[in-house]
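In what follows, a single structure is set out as structure tokens and then discussed.
Naming follows writing order (A, B, C and D), and every chain is counted from residue 1.
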Amino acid sequence: MSRQGRRGDDCVELDLRVRYAETDRMGVVYYANYLIWFEMGRSEYCRQRGFPYLELEEQGYRLVVAEASCTYRRPAQYDELVTVRTFLHTLRRRSICFKYQVVRKGSGETLVEGETKHLCIDSEGRVKTIPDPYFTHLARGLQPQPPPQNTHG
Amino acid sequence: MSRQGRRGDDCVELDLRVRYAETDRMGVVYYANYLIWFEMGRSEYCRQRGFPYLELEEQGYRLVVAEASCTYRRPAQYDELVTVRTFLHTLRRRSICFKYQVVRKGSGETLVEGETKHLCIDSEGRVKTIPDPYFTHLARGLQPQPPPQNTHG
Amino acid sequence: MSRQGRRGDDCVELDLRVRYAETDRMGVVYYANYLIWFEMGRSEYCRQRGFPYLELEEQGYRLVVAEASCTYRRPAQYDELVTVRTFLHTLRRRSICFKYQVVRKGSGETLVEGETKHLCIDSEGRVKTIPDPYFTHLARGLQPQPPPQNTHG
Amino acid sequence: MSRQGRRGDDCVELDLRVRYAETDRMGVVYYANYLIWFEMGRSEYCRQRGFPYLELEEQGYRLVVAEASCTYRRPAQYDELVTVRTFLHTLRRRSICFKYQVVRKGSGETLVEGETKHLCIDSEGRVKTIPDPYFTHLARGLQPQPPPQNTHG
């Protein structure tokens, strides 16, 4: 998941502690629950980029999920701290794609990776362009960065 | 939970199979999930008494939960079949109380018992009387029954 | 999802009614919950092919999820009946892949499609071959079928 | 919920942000989810009193829920910050009772109140005394306080 040409800060991190309710009889986090963490990750992404996702909904727009996928590497355990890293992967006028990494907080070990694709719809369910200023806020995370200044030159 | 003066059929039964997702690392059903089963039970209760609960919501009314309680006797296990028995306990113009029993389908052993109290509100959140014909439909389950005929007399 | 060379009956169907708890504030089923339905689907698949999945776990084996993906076409609504169709897609000695279709029960409209890949592990977490007789039970669903007899020839 | 004879610090607070997944089609937090928050509250209570609850389980003990109840005053909304206040209410050798208050973080408004009663069992499901040092850790939150000074004497 190299992110060439983008600042490292196009990734937003969210820490969370695994709930008992999130485990199953296998003793680890149930596989559907990572999608809930992804949702928390992108919610935090919006907030860090300048707006609560709730505000977009209050304007009558919704980012509905069109696709989701998840690769499970190691299971998360009850009570441990994990970090959800959310990356804005692609942003188009009517759609948006986020990528996610869930890592163990201490060791940084990757537990799960995933991706979600979203469409912007209005309250009638019609596909719409992501309205401003939200598009602009989101686009900021994707702007190509100037090459780092060599301050020793 | 004796139900003197009411027909046995004021109880509506719903069978369900325990999902993997409903268990936790203790290997049994997570305690909050029984409240989900109660909701399914009262939803089925309404349907059996003549209306889908959804219809009440479409008319602009909601039965919000004011109180819930649950007594846990034995845990339900993954993949087993359980029966949720829903009883209409009290019905007032603006409120309603359901009782529940979750039993193991084969043996009839009681696993969990519970109770929920609901208020009827409109879309503005104001407490309202339960509108007809829904009140009437529900009241049917509570009608005092004639004493059983002694057919051996 | 054409299933050339296989009988239609390699698909196992499970009906379920959408729970209130499964909806979110958008008014439709929350996107992670379809993965719970997929799990119910494959659990039913095993049962219909001759063994409860639970039995495999009791023998010390587990089918852990390695990958999951989901395409969302139309949202499922509270209280409607949906059918989860589970297909055994590929079966290898140590891994297995299921595909799923969630359709509206009345109309047959496709709501969601998905796929999960699983590894067989033992209680120490080591990848193992799927033990018999479970492998054989599962393989039955994949046997190439004789071409249909042309009875009009 | 007056707490006569106990220090104010027998309450442990945990902040959390409401997840999209926790809402239902009524637009607010689904009623069963508060029990999940209660569990997070008592988990945090143990941690603040000197041990992770996980450690107790690793020693072969479990605090199973025997009873739970909940009173719903105002609904929590998506994305808002709430505080879960957990109180150790009674501690006996083999059982324990927690009380909870969920309040809106900004205003302090009470949203939900609840209570859970737990039994200590071993891995065979037999009721046991809560082992030391866990009992002692928990008891600390309940130490009788000096009587309030009568400043008007």
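Descriptive notes on the structure:
Just so it is clear, a contact is a pair of C-beta atoms (placed from the backbone, for glycine too) under 8 Å apart; a residue touches a chain by one contact, two chains touch by 3 or more.
Since the structure is predicted, the reported quantities are computational estimates derived from the model, not experimental observations.
Chain copies subunit C and subunit D are related through a rotation whose angle, from the C-alpha fit, is 175° to the nearest 5. Most remote chain with respect to subunit B, judged by CA-atom centres, is A.
For this pair, subunit A with subunit B, the centres built from the Cα atoms lie 39 Å apart. Computed from the mean C-alpha positions, the centre of subunit A lies at a distance of 28 Å from the centre of subunit C. Distance from the subunit B centre to the subunit C centre is 31 Å, each centre being the mean of its Cα atoms. Touching of two or more other chains is recorded for residues 20-21, 26, 32, 36, 39, 78 of subunit D.
Residues 26, 31-33, 35-36, 39, 62, 64-72, 75 of subunit C touch subunit A in their complex. Across the complex, subunit C meets subunit D through its residues 20-21, 23-28, 30, 32, 78.
On the side of subunit A, the complex with subunit D involves touching residues 17, 19-21, 36, 39-40, 43, 52-54, 78-79.
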